[in-house]
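Contents: one structure, followed by commentary.
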Amino acid sequence: MPKNRLEAFSDGVLAIIITIMVLEMKVPHAVEFAALKPVLPVFLSYVLSFIYLGIYWNNHHHLLHTVKTVSGGILWANLHLLFWLSLFPFTTGWMGENNFAPPPTALYGFVLLMAAIAYYILQCAIIAKHGRDSLLAEAIGRDWKGKLSPVLCLAAIPLSFASPLIANGVFVFVALMWLIPDRRIERALEKHEH
Amino acid sequence: MPKNRLEAFSDGVLAIIITIMVLEMKVPHAVEFAALKPVLPVFLSYVLSFIYLGIYWNNHHHLLHTVKTVSGGILWANLHLLFWLSLFPFTTGWMGENNFAPPPTALYGFVLLMAAIAYYILQCAIIAKHGRDSLLAEAIGRDWKGKLSPVLCLAAIPLSFASPLIANGVFVFVALMWLIPDRRIERALEKHEH
Amino acid sequence: MPKNRLEAFSDGVLAIIITIMVLEMKVPHAVEFAALKPVLPVFLSYVLSFIYLGIYWNNHHHLLHTVKTVSGGILWANLHLLFWLSLFPFTTGWMGENNFAPPPTALYGFVLLMAAIAYYILQCAIIAKHGRDSLLAEAIGRDWKGKLSPVLCLAAIPLSFASPLIANGVFVFVALMWLIPDRRIERALEKHEH
Amino acid sequence: MPKNRLEAFSDGVLAIIITIMVLEMKVPHAVEFAALKPVLPVFLSYVLSFIYLGIYWNNHHHLLHTVKTVSGGILWANLHLLFWLSLFPFTTGWMGENNFAPPPTALYGFVLLMAAIAYYILQCAIIAKHGRDSLLAEAIGRDWKGKLSPVLCLAAIPLSFASPLIANGVFVFVALMWLIPDRRIERALEKHEH
């Protein structure tokens, strides 16, 4: 069972999610720059979600690169990840339209958490198929980022009610942590080639 | 006539349908968690349709895997299937917004039924092109799932008026039935390779 | 310059156009079947446009199959075709929401006409690149369908004001004419292979 | 790290942006041709943005053609470009709905400018990966178009407040400048093959 259709479908869904989010930025009717002011928080939440989806696409790209054969389990673990990512436009829009208020921020963090868990399940499904000694298992090894992210997202949920600003700071921190490119898989691949 | 564009186009349409459905979940204006309550049935109907589209994508993936050459008949049978699947966002939204009331549930079942029939026609078109002795014909053989699904969807339509809850239970049951991975084609493929 | 990205991009745009049209069918707020009545003309116009886009995808699929190298002229002729096709959701929605009234029907015919002309230009750009003796030039040869379609669409525009019913009948006739699979290119290909 | 998923994802995002813009052309409720009059400026801004996105797709197509290996830097430079392009539907809709008034025209120019800068950064990231002597570095060489475009877009921003007509004239001029096909990369490629 080749993996190219899995990649093509995931690319399609991610491309649409990332682009559909922009529809939450409703075009204002007034013509002055002041009319853009209420759009600003929606724009900021859009930027945050765009970066997160970019990170997921980037990591998904690396992850699938190590996959040789696709099983039913991998197909469904992948769809499960896409499901939580597909909720990003909703949570992004709710958080942006309500100026980063506590409940939407908490929901945003919850969906981030579920996506992180879904990504972890997908990793496990791939390792289960390819074996504990596989390239991926080795590369993931001491995956402190993949373990820290859900913990931080989980912590950000109650934090949202104390201070949505700090909770959003956590989201930004997690994103920056990932933006530093993940050389682990690349390195393991290179080591393997030599 | 290669099949890769047929796969790419179908992947694209399925990816868009699955993602566009989320737009039916309108972002609430209020900021409390209570504002999410009217969104809940829309969310549940979204989950149901997401799973159905995932099943169709999954099965379509397996089905096309057995195809070697694409005829005009297969192209149009495929478009016919995509047509019924493209109505999912509409019926999902109507059912969700009206809290699983009888008429939207019946319409939801009708579109599910038509999609199941369209999938059956696509199978027939592929078998007609590849011959009764082909890998697919063999794999489909005693396709009890493919035969039971439309019967159950058909039964759910009148049931919607008696009890929309039971009708939706039938939809969930059919989905669960398919979620158990379809090993028939995989097995036939493996047998073929040995 | 390989043609696969041209195909992928065209497939993407066509898949999105065909799926976005369904958003013009607004989910009714009422729960009775009667609430679907105003949606019916939008549904019918959706079916018509879905078939037309299916035909264009199908023919585009055959047309690009004969292409070996892609020039800047072909890229832009292709984008020009996609531009007119991208207006289908708008004209379909306007015609459907206004119950096939004369002005929307005339505009629908105008966009169909422009798409037919754009397709013709794309054919010419491909023939210009591949030479008059090419496979395509031979296959197109006596392309009565490609010549009759724009003439019929042009005739349907004034007809819309006399009788929108007859004008829409012309649109249906043109669609049926194309649904009969185009064996010309397939035959030329087969002849070439022997 | 192969480049095909980068191309597929970019094609998907560009295809969706180009098609989603058409949703800003709201279907009028009235049935007369006069009802199309307020849609006309939205249509004109749609045509302008369609051409710009076509140019970006076309140039991206040529640019990626020269890429052999994809680094993390190229992935993120590409996402950064897609981010600014994803704002086109918003700025196009705002400019079109307000009949090319000064503030929306200035914002439109600003997003055009940022996209041009993002494209330049992507070029630099590719050259950094492939070396100053690479095919691309040679082809870009005296890239007067790539240098003139952002300067003209920057100039158009203050011009928008003096005369939105002239500012839009500049946007049209820049587009026409690019529509003349970019033979530089093609020539360098041909030279390389001989």
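Residue numbering begins at 1 within each chain, and the chains themselves are lettered A, B, C and D in the order written.
Assume a contact is a pair of C-beta atoms (placed from the backbone, for glycine too) under 8 Å apart; a residue touches a chain by one contact, two chains touch by 3 or more.
Keep in mind the model is a prediction, meaning the values are calculated, not measured.
Both chain B and chain D are touched by A, C. The two copies, chain A and chain D, are related by a rotation of 90°, based on C-alpha atoms and rounded to the nearest 5.
For the pair chain A and chain B, the fraction of shared interface numbers is less than half, so the two copies use mostly different residues to meet.
The most distant chain from chain C, with centres taken as the mean of CA atoms, is A.
Computed centre separation for the pair chain B/chain C is 26 angstrom, with centres defined by C-alpha atoms. Averaging Cα coordinates per chain places chain A and chain C 37 Å apart. In chain B, 8, 12, 15-16, 20, 23 are the positions where the chain touches two or more neighbouring chains simultaneously. Those residues of chain C that touch chain D in the complex are listed here as 1, 5, 8-9, 12-13, 15-17, 20, 23-24, 72-73, 75-76, 79, 82-83, 86-87, 89-90, 93-94, 97-98, 101, 103-104, 107.
Residues of chain B that touch chain A in their complex: 7-8, 11-12, 14-16, 18-20, 22-23, 25, 27-29, 31-33, 36, 47, 50, 54, 57-58, 61, 65, 179, 181-183, 186.
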